[in-house]
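Look for subunit A in each of the two complexes below; its partner is subunit B in the first and subunit C in the second.
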Partner chain A sequence: MKNPSINNPYIARSPMVAARLLGGEMMIMSAVDSTLFSLNEVATAIWQGADGATRLEEIVRQHVCPEFDVEPALATEDAEGFVAELAAHGVLLVSDQPISAPAPPRESP
Partner chain B sequence: MPACLTETYSVAIEIGGLPVCLRTDSPAFLRLLEERYAGFVNPSARPEFEFEVDLVPRGKISEEDDVRVRFDSGTWSFERGDFRAEWLPALRRGRIRQWANPYSIDAVLRIVHTLLLARQGGFLLHAASAVRNGRAFLFSGRSGAGKTTLSRLAPPDVTLLTDEISYVRPQSEGAASGYRAFGTPFAGELARVGENLSAPVAALYFLAQGPENRLEPVPAAEAARTLLENILFFAEDPELVKLVFQSACEFVSKVPLHRLVFLPDSRVWEMIR
Partner chain C sequence: MSTLMQELNDKALALGVPLSVQLDVTYRCNERCIHCYLDHDDHGEMTTAEMKSVLDELAEAGVFYLTLSGGEILMRMDFFEILAYARALMFSVKLKTNGFMIKEKQADRIRNLGVESVQISIYSHRPEVHDGITKLPGSLKRSVDAVRFLMSRGLKVIVANALMRQNMNDYAGVKALARELGAECTIDPTITPKMDGDESILALRIPDAKLQEVFRDSSLFGNVEEFCAPPAPVGDDVLDSLPCSAGHTACYISPYGDVYPCVQFPLPSGNVRKQKFLDIWRHSSQLNEVRSIRARDLNGCSGCGHVGTCTRCPGLAYMEGNMRGPSWADCEKSFARTGIPSPNMLARMAAGSAAPAFLPASFSLVQIQGLTA
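Our next item is the complex of A and B:
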């Protein structure tokens, strides 16, 4: 499932993480190796849109461009880098098919 | 629930209100335990768990230099160079293999409590803690941060719960923060066990030594990161890692948190009330 080289992939939050929005910053912990990540606002928007049923470009178009006033092509390029990095750590799942594996909530209450 | 028989070589050690019975066939080791955990021995307790301690000649018992904690087929196994232990929570019993020293059993008890607390929303924390005016204050930081220094500077109206490892658990009753801190026998440089009592948590301070005494705000995400760095947790268990993460975030969202920059003099306690 980890293949960041797929063009315009479906992305999903890994079930092997825990996430929480604290003070506007998304904190994510890998349950596998306890590595802690914190996301900026743009990355948080992508994370929250990573439902496994939506392609990356669509997530960027829906959640990033209108909110942060950025061109889709530039935003997608940045998003691809972010997705590749988190996928390499097993925090995001990437596929050319919709991902139906149970994803964790966007954040815990 | 196994009864802790009042035979000669058993001792029930109650930390955080949770009695654990240790059994040994060595009266000398029993005395060592009773002295080490003085104040936390409860002869009348009905222990939640029971461990047999098998004493072996001094030497390397495990090849693991660092502590390893794993779960497989209903059994937790803990090991480090100086001990090996198995714990079957469903049967409420376990076995520890070590040579006669207080450090190995101390490590096992810490591990057991971290595992139990993880499911209760609590944790053990690298922190001194103390009670003043009926409220508990936590002072967190790694070695050298000033936990022992601050503990030494405490005025007479302060009761020390620990100078090294704090025990924190959610408890709504009487605690505005929703948490309660308990005394522990886990001592640091002060080499003095804490008082066996508890109080509602009023605040947590991240320690930093500096040129003056002052309190600084700590953003929530930074507080969570720092708190997680100071929580004791050893288990290679994804489910529990998630629970500990959520517990830390929950704590940060409920408890007043500050950075306490302090000079090593007693005036710092004027800010802790």
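Our next item is the complex of A and C:
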């Protein structure tokens, strides 16, 4: 499910999901289709780094490589697949431009 | 339950995390349902700030599934402020409502806030029956409109059909209505005593013969032969199992801040106005007592053949007098389902209490014991 259209995208957590850390692993429910995900520690690190202002490769370099002792190229390849899958369920927002800080759900005026 | 959901539940249980909480934001209601277990006066609901503080504490405690219920949730003027706050804390939020006050604008707000699902109570497809139960003229139309408004915005809606004598012949009509609306439908024959212990509304429970009929409806339970089969012998795994999630991975908080193991288990366990939620969750002697109970500890149940399949509710057992004992209402359900009486039923019959009306007079204790042997 790799998205070939965006290389090294900016990624942001969607505000339209439910998420909670349980024993070091993030559980997430998509508001789009109620799919439930449990992220492992590596995926959780990427999720937590998805601030909309940082590109995926940088997130992997900052949050994954030092913590999990993995080569950047290999980790990035894995991360791209993970990001594409979560993006398909509306859990992550992906863009070639920085994504403004994802606002938590607010009421429409 | 999906495998992943079961895994998360097991993990939460092992870690002592309250995965699910129902928070009633008010007991006030615009309907006056004849079977309702609540007192609808406001005895000092938590303020908006208190509600937000509780939500902060629940998020910190690891709560993921949050049910906002009542009373009628939209009786609170600040309801959407509370809901928005809950969603900003990234709870998976389910709403329980009668839908009367949900019009297009409210449906938009609920959709925009990323609510997981909305449960709306519908008692009958016939206005005279539904409105007769809610005591609010026009309520069926308004509830059905609400389902339509929510469905048209892509929200998941569950029609909840509580069965009682007044509507016991209408569940097929409600199911058909839900199907037409595109909503899911759940049917529940459980009527509980009022929270103050008043048992007068138990007279509304559907008759045992009707309960038997409901349990044999394949449109509700699929393979009836399997569903109504005599229970298989159980092993230690069943006897060492937990009665339910109440107090283990779930609890309930009232509009006044009182914490209970479950909405159907009114054992006062603390109050979030006086203590931090996590302190109550971890250290309440009442919750810890509930947690200590295993199926093998249940008086009258551990040796019962139904122990592996019974829907015994610890809260109902508590309301009937002993949280370590059987729930008479669930004994009746097991009997209605399988035709095999529980030892608890036999004991009550021997003591002269009323037996279910559908138990044949010639059904002697010897025969019954023979069946259960």
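Criterion: the second predicted complex is superposed on the first by the 96 of 109 C-alpha atoms of A that agree within 3 Å, B and C clash if a C-alpha of one lies under 4 Å from a C-alpha of the other, contacts with A are read in each partner's own complex, and residues count from 1 in each chain.
Going forward, a residue touches a chain if its C-beta (ideal position, glycine included) is under 8 Å from a C-beta of that chain, and two chains touch if they have at least 3 such contacts.
These numbers come from a predicted model, not from an experiment.
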Inset, instruction - Look at A:Met29 in the shared chain and tell me whether it touches subunit B only, subunit C only, both, or neither; answer first, second, both or neither. - result: both
Legend entry - Touched partner set for A:Gly81, first subunit B, second subunit C, both or neither: neither
Inset, instruction - Name the contact category of A:Ser38: first (subunit B only), second (subunit C only), both, or neither. - result: both
Inset, instruction - Scan A:Ala18 for contacts with subunit B and subunit C and give back first, second, both or neither. - result: both
Inset, instruction - Would you tell me the residues on subunit A in contact with subunit B in one complex that are also in contact with subunit C in the other? - result: 16-18, 20, 22-23, 27, 29, 31, 34, 36, 38, 108
Inset, instruction - State the interface residues of subunit A toward subunit C in the complex, per the touch definition above. - result: 15-23, 27, 29, 31, 34, 36, 38, 104-108
Legend entry - Partner subunit A, residues of subunit B touching it in the complex: 219-221, 223-225, 228, 233, 238-239, 241-242, 245-246, 249, 252-253
Legend entry - subunit B-facing residues of subunit A, complex: 16-18, 20, 22-25, 27, 29-32, 34, 36, 38, 108
Inset, instruction - Provide the residue numbers of subunit C that touch subunit A in the complex, in ascending order. - result: 2, 4-5, 7-8, 11-12, 15, 17, 19, 59, 62-64, 80-81, 84, 87-93, 108-109, 112-117, 156
